[in-house]
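Quick one: the structure is below, questions incoming.
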Amino acid sequence: MSVKEWEPKIVAFLCHWCSYAAADLAGVSRFSYPPNVRIIRVPCSSRVNPQFVLRAFAEGADGVLVAGCHLGDCHYVKGNYYARRRLWVLQRLLEFVGMEPARFQVHWISGAEGAKFAETIKEMVDKVRILGPNRLFQEVKDICVG
Amino acid sequence: MPRVGVFVCWCGSNIGGVLDCPALARAAATFPGVVYATDYQYMCSDPGQKLIAEAIKEHRLDRVVVAACSPRLHEDTFREVLARAGLNPYLLEMTNLREHCSWVHAGEKELAQAKALSLIRRAVAKALRLTPLHPGRVKITRRCLVIGGGIAGIQAALDVADAGIEVVLVEREPSLGGKMVLLDKTFPTLDCSACISTPKMAAVAKHPLIRLYTYAEVEKVEGSLGNYRVTIRQKARYVDHTKCTGCGTCWEKCPVKVPDELNFRLSTRPAIYLPFPQAVPSKPVIDARHCRQLTKGKCGVCQKVCPAGAIDYTQQDSLHEEEVGAIIVATGFDLFPWEKAYGEYGYGRYPDVITGLAFERLVNASGPTGGRIVRPSDGREPRTVVFVHCVGSRDELKGREYCSRICCMYTAKHAHQVKERLPEAKVYVFYIDIRTFGKGYEEFYRRVQDEGVIYLRGRVSKIYQEGDKLIVKGADTLLGEPVTIAADLVVLATGVVPARGAEELARTLGISTDKDGFFQEAHPKLRPVETHTAGIFLAGACQGPKDIPDTVSQASAAAAKAVGLLLREEIEVSPLVAWVNQALCTGCLHCQVVCPYQAIEVVTEGGRRRARVKEELCQGCGSCTVACRPGAMELKGFSNEQILAEVEALCR
Amino acid sequence: MKLAYYPGCSLKGTAREYDLSTRLVARHLGLELVEIPDWNCCGATAAHSTSHFLAVALPARVLALAEDMGLDILSPCAACYQRLRAAQEELKRDPELKRQVEGALGRTFEGRVRVFSLLEALAQLGEEALAAQVVRPLKGMQVACYYGCLLVRPPLTSCDDPEQPQLMEKILAPTKVDTLDWGGKNECCGASLIFGAREVALNLIKNILHAAAQVRAHALVTACPLCHANLDLRQKEVNRFFGTNFAIPVFYLSQLLGIAMGLNPRDLGLGSHFVDPQRALRMVGS
Amino acid sequence: MNENFWSEVNRAAGQKITHCYQCGKCTAGCPVAFAMDYKPHQILRLLQLGRGEELLSSRALWVCSSCQTCTTRCPCHIDLARLIDTLRFFSRQAFPQVTRHGMPLFNEVFLRSVKRYGRVYELGLTLQFNLKERKVWRDLDLGHFMLSRRKLRLLPEPVENRKEVAQIFSAEKEEPR
Amino acid sequence: MRGLTEALRELAYRLLREGEVELFLGYSWGTLPLVVRPCFATRPEQVEAFIFNPLCLPNLVKYLLRFEGRRVAVVVKKCELPSFRQLLADRNLERKKIRLVVAPCGGLLDPAKLQKEFSGQPLEFIADRGKEYVVRVGEEEKVLAKQLYLYPRCFSCPQKDEDLEPEDIRLEFSTSLPSLEVDPYAGVSYLEERPAEERREFWDRVFKRCIRCYACREVCPACSCHECCFDPPLPGWQRTVDWMSKAHWLPEIYQYHLTRALHVAGRCGECGECERVCPVKIPLMLLVKKLAKEIQSLPGVEPGILASYSPDDPEPH
C-alpha cells in the first residue's frame, strides 16, 4: 500500500449495552462518519484486555478506541470503573514508549448518544490522519516482512 | 476445519443500495474456512430463513455468519434458525453491515465496500473459533423467604403463598404489621388503616403455606439463585408461645411501666406486653431491658399469674435454618431522626412538637388518647395546629437531599382530620412544593384547602416555646413576607429513611444500596423490583420512599417475579458466562475481587487453590478475564482467542 | 492556664465593665491573661461588608501577634471572636488569599493558635472549678441567657450548638441562678444597625426584651458588648419608641459569675449600667 | 448592568445560586425581613434571574444585620450573608451615593477610624457619623451618661505600629471576594 | 562481613540439625569473581558454603515456589520483603512453613561499577565498613566510598522490616547505609521530558536488543503464575489462545514487555531482578518505575491495577 492510498485504520471495542447501541443509533439516524473504524463488540468495557489493544497496534492498527457506558451507568454495575483504571494506565504506558495520545482513546458513550458516537469517530479519524500511519511497534516488521 | 457459511443480506436497498452484496458474497467465499456464501434480499424474512436452513443442511455448514443488521436486533432470530436446522444456536456470528456501514457511509461507496468486506472477515474469523454452548441449568428450591412483615412483606408473602409456594416470613418486631398498622386512616380515600391491614395480618398467620417468624432476624444467607440457605435468629421472648393462650393476665399484672415506643412515648406499656391489641401473633413478649426479673432478678409476677405456665425466664435466642429458592426484601423505612438534626425546631425538647407518625397514633382510636387530638403536654385540645413539610427531606444541610414522597399527602390527611375533629381549630401548613401525583391525590389536596386549611408556601425557620404557645416563624414566599404563628400543636412531616439495619442486611444478602442507603434496584425503569443479585427481589419502601398503593403494587410485582422463578423446576442460565481454565489458574483470586455478582468461588484440590465460576450467578461481563494475568479466566462467546482473531482479521 | 487576651475596641470603651469583670474573674479562677501587645481592631461588620480582604487581614494581624506570643487567644467580644475565627477559616481555605495577607502584613501565619470565646474558656475550667469559687449562690434569681448571633453563627465558627446553645447555662449552673428556657437566646439584637437603621434595631431589641419578659426573666446575661449596649443602653429608647415599660437589667456573664464568686460589684463595673442591676440582684433568696 | 453580573457575583462569593429552590427559610428566619424591600429569598431569586439593577439599589442590602441566620439554616448550603456582603460591594460600585448615609456611611466612617488609629475611636466615630448624617444632637443624653461612667474615651488610643495597619489598607484591592 | 557469614552458617546449621526447616536458602560464591549465586542446603554439613556480603544481589524469594509445602528458611534483605509479601498473597503460600532470615544489609555493592572502574584487574571483596567498602584491586586494598559503588536499588532502600512473624529471624550485625536523597523517578522523568519521537526511538533501540529469553519473567517474584500467558501450556490440539506468536519481531517484543509491565503494575516490589538478569541490559525498571510513579496518584491499587478501581480515578482521554 503506497503512502498516497493510506487510510487510517481504527479498531473500536464497544460495549454491547451502551456504545454499540450508540453506533447502531448513529446508523438508524444516518449520522455519517468516516468508514475508517472497525467495530468489535464486547459485553462490557471491562472485557477489554489491554493486551487486545497492544495486539491491535502490533497488527497494524493506526488507532484504537474503547467506548463504554457512562460511569455509574454500567450494565454490570462497576465494570467501566475497572476499565477506566486499566486503560488510563495503559495510556500512560503507551505514551511513555512514544505513542501519540490521540491514537488510543477511551470514551463513555451512552446508547442514546448516536451523534456523540459519530462525532467521536470523526474527530479521532481526523487526528489520526494528521499523525499518519502508526510507526510504533512497526519497524522490524517492515524489515522482516520486507 | 469448521465449515462456515456466509449469508449477506441486502435489507432491500438499505444495504443493497450502497454495498454490492453479490460481490461481498463472492469475496467471502474465498476466505479460509468458508465453504458457502450467498446473498439475498431479506435474510430475516421467511424465505431468507429457509434459505439459511437449507444451506446448512445442503452444505453441511457448522458455523454461520449472517452479514445483515445489528445483532441487537436479529441475533435471536437467526439463532433460532440455526436451532431449527439442527445446529447449536451459539455457532452463529452476525456482522452489522447496515447500522455500522451502509447507513453511515452511503457517500463513500468504495470505502464502504472495503469496510464491509473487513467486517465479514472479522465475523468469519470469530465464527471459526465458535464452540457449541449449552445454557446451564439450576434446580430450584421451591420456597421463598420474605424479610419484613409490614404491608409490603405481608402482601408479597400472601401472593407467593396463594400461588402454592411455601413462604418463610421473618419479622424483627414482636408483631406483624409494620408501620401501616399504626396509621389511623389512609389517604386519599380515608379508609381505616387497621381495618384493611389487620385482616391481612390474620391471613398470614393462618395461611398453611406461610411459616412465620416474629421477633426474629436474618443472620446469615449462603448459596445462590434457586438455592439459598438462610440462618434466622429467633430472639428470646421469655414466653413459650406453644403454651401461651394470649389471655392477657400477665400484662395486666406486670408492675413495670415504660414509655411505649410504638406510641412515640405518648403512653406507657408494661415490660411483658402485646405491642397493640390486634397484634399477630397475639401473644406477648418480655422486654428484657425493662423486666425486673431479668434485670434485677426479683419480681416474677407474670410467672406467678400465668395460668398456662408459659413464662420462661431462661429462654435463649435460637438459630433456625431454612432453605429457599428466592428472597423478597421488604424491610420498609424509619422516620428521619429529626431530634438529632433540627435545633431550630428544638431538638425534640418541646412536647407539643411531634412527628406525623406520632400524630397518627394521637388521632387513632386505638391510640393512647382514644383518638382525641390533644396536646401531649397538657392534654388540652389545640386551637391552632401548624404542619411543617420537608423535615429531613429536601434538605442537604440537615437531612436528606431527596423528596420523601409521602409527606405532602399524609399532611393533607392530617390537616383534614384536625378540621374534621376540631372544626374551630385553625390549621396552617407550611410547604415548599405540593406533590400530588397519585390517583385522587390532587382532588384530596384541593378538598382540604376548601375545608379551610391554610397552605403557606415557605419553610419554617424556627419554633420555640413562649408560655404555653409554640411560636412558629415561617414565611409566605408568595406574598414575600415572614409569617409568625402562635400554635398549640406543631406536626413535623418527617421524612423517610431506610429502616435501621438496612446497610447490614445489604451486606448479609450481597445486594447494593444507593447513596441514600435504600436498596438498589437492577434497573430504575425496567427492573424496579429486582436486585443485581439474581433471585433477590425488593418490595416497598426499602427501595425508596413509597406510599401504600405503590408499596402494595411493588410487593405484588416482587411476588410475581419470585413466583415466576420458583414455579420452574429448574432455570436456564445464559451460557455466555465465564469459566476457569483450571490448568492455568494460580488461585490469586483477583477475579473474585472484581466480580460484581459474587459469582466466583474457591475450590481447593490437592492443596492448590483455584477459582471456579458459579454459572448461575455470572452475568457475563468479562471483567474477571482481564484481572486474570495467566489468562485462565475465559468468557464463553467472547473468548480471548475469539477477540484476538477479530482484531487480527480487522487489521489485515 | 495562660491565654493571650484580645479585648478589642469595645472593651476599651463602651464595654469597659466587661473588660474589668473578665480580668477580675479570670484572675480569681487562675486564668492568666496577657494582653496582646499593640493589638488592632478586628474590622467588625464594617470590614466584611466592605472588603473581604480587610475582613481577613485585620484579624490576621491579631492572630499573628498571638502566634508570636505562642499563646491561644481569649476574645471576650463576640464580634471579635467571630471575625478571628472566620479569618482563621478563610486563611486555611484560600492559600492565595493567605499569601496576599502575609504579603501585606509582612508576617507569616502558621495557623496554630486557637481562638476561644469567654464561654469556651470558662466552660473548659469545668463545673467543679467554678463551683469551688462560688461563695454567694444566686438562688432565686431568674435569668435569660442571651447568646446573640456571632458566638453561635455561622456554624463554621460557632462555639456551641448554633440553635440550642447551652454553654452559658452550664457555666452558671454552679451559681444556682435559675436559667430560663426561652426562645430569644440566639435572636439578633440588630448590632450596628442602631447607627444606620435605628428603627429596625429598636424593633429587634424590643423583641428580645419582650421574649425575656414573657418568661419572667429578672435579668439578661450576655457575652457580647454590642448586644449589651443595645439591650441596656437602648432600653429606655425602646420604651419611648414603642410605649413599653421594660426594665430588665443586662449582666455580662463575667459580672454575674463574679457576683456569685463574692467579688465587689463596683470592681465588676456594675455601676456603669443604664438599667439598675440591683433590681435583679434583690431577687436572690426570694 | 454587566451582562455577566450573575456569574460575577457567583464567582465572587463562591456560591451555587442555581441551587436555591425558594423554600423561604431565609426569609422565615430573618430578623429584619420586615424592614426589607426585597426579602432574602427574593434577593436570591433576583440573582437567579440576573436582575442586578433592582438588587443593587435595594434597601435590603443595608438593612441586613449580618446575623448569619439565613446562612446557618439554608438547606441548600447557600451562604446568603456572604452573598449580601458581595452585593454590597457591587452596590457601592454601581451607586457610590449610597455611602452618604445610613449603614454604608457608618461602615465607611468606622473603617476610616480603624485606618487612622488601628482601633475604633468610639467618640470620634459617633460624632463624625452624626455630623455627616446631620443629626448632631442624636444620642446626646446617652453620650453624657456614658462619659460620666467612663464608657467613652475622650481621646483616641491608637496602635503603635500604625504603619502595619496602613499596609493592610493599602494592600486592599478594589475587588469583591 | 566474616562475622555475619559465620552467624548465618551457625543459624543454618542449627535450623537444619534440629529439623526446624527442611531447606535453607542462602548464598554462596559463584564461579566467576564477584559473582554470588543462590545456594540451597538440606543437610547441616552443607552450611559451610553459605556466605553473606554486599555482593549477594539475587532475590531468593521466588525459589519458595519450587519448594511449596516444605518447611523452608530463606535469607532476605529488607528491600525484598515487598516482593515476598506479594508472592505470599498471589500464591497463597503457607506462611507458617516459611522462616524469613532477614540479613542486615548495609547496601549492596554494584559489581558492574567496580568492573567498569577497574577493568582487567583481579578484584576481591574484603569488607563493608559502614560508609565505605574495602576491595582488593590487584595487590592493593582500596577503600571505596559507598555511594559511588552502591547497587542502584539501594538508593531507594526501605530500611524497615515490618510485618515479620515471631518465628522469623533478624540477624543482628551493625552496619549502616549512608542516608541518600535520590529521586527514584529521575530516569523516568528524564525520559518523560523527551519528545515522543525520541522516546519511541529509545525504546525501539533497546527493545530491538531483546532476544525474548524471558529471564526477566523467570526471575520476577511478581510473575508467579503456574503458566505464563505467553507460554501456551497445553499441546497444540488443546490450545485455545495465542496471545502472540514466537516470531522474533519488534511488535511482539513491545507487546511482551508492555504486558509484563501492566501485569506487575501495583504489585511489583521493585527488587530490580528483571533488569539485573537481562543479558542484553534492557532498562526494564524504567517501565516499572514509570507505572509506579503514575500509580502513586491512584487511590488504592490492591490487588493490582487490573483488579482495582476508585471512583476518584483519573479519566483516560
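Think of it as A, B, C, D and E in the order they're written, each chain with its own count starting at 1.
One rule holds for everything that comes next: a residue touches a chain if its C-beta (ideal position, glycine included) is under 8 Å from a C-beta of that chain, and two chains touch if they have at least 3 such contacts.
Predicted, not measured: the structure shown is a model, and the values here were computed from it.
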Omitting chain B while every other chain stays put - resulting connected groups: A, E | C, D
Please give the intersection of the contact partners of chain A with those of chain C. B
Centrality ranking, top chain (CA atoms only): B
Between what two chains do the most C-beta pairs come into contact? C-D
Centroid of chain A to centroid of chain B, CA atoms only: how many Å? 37
In whole angstrom, the CA-centroid distance of chain B from chain D equals 52
Could you tell me the distance, in whole angstrom, between the mean C-alpha positions of chain D and chain E? 67
Please output the residue numbers of chain B that touch at least 2 other chains, ranges allowed. 344, 462, 594, 626-627, 640, 644
Can you list the residues of chain E that touch 2 or more other chains? 229, 243, 306-308
In chain C, what residues contact two or more other chains? 162-163
Those chain pairs meeting the touch criterion are A-B, A-E, B-C, B-D, B-E, C-D
Interfacial residue positions of chain D with respect to chain C in the complex: 31-32, 34-35, 62-63, 65-69, 71-72, 79, 81, 85, 88-89, 92, 102-108, 110-111, 114, 118-120, 122-123, 126, 129, 142, 145-146, 149-153, 157, 159-161, 164-165, 167-173, 175-177
Interface with chain D, chain B side, in the complex: residues 344, 390, 394-399, 432-433, 457-462, 473-477, 480-483
Touch list for chain A against partner chain B, complex: 7, 9, 11, 16, 20-21, 23-24, 26-28, 30-36, 38-44, 46-50, 52, 55-56, 59-61, 75-79, 82, 86, 118
Give every residue of chain A touching chain E within the complex, in rising order. 50-51, 54-55, 57-59, 71, 78, 81-82, 84-101, 105-106, 135-141, 144
Can you name the residues of chain C that touch chain D in the complex? 9-10, 12-16, 38-41, 43-54, 57-58, 61, 97, 100, 103-106, 149-150, 153-155, 162-163, 187-188, 190-193, 195-197, 199-201, 203-204, 207, 233, 271-272, 274
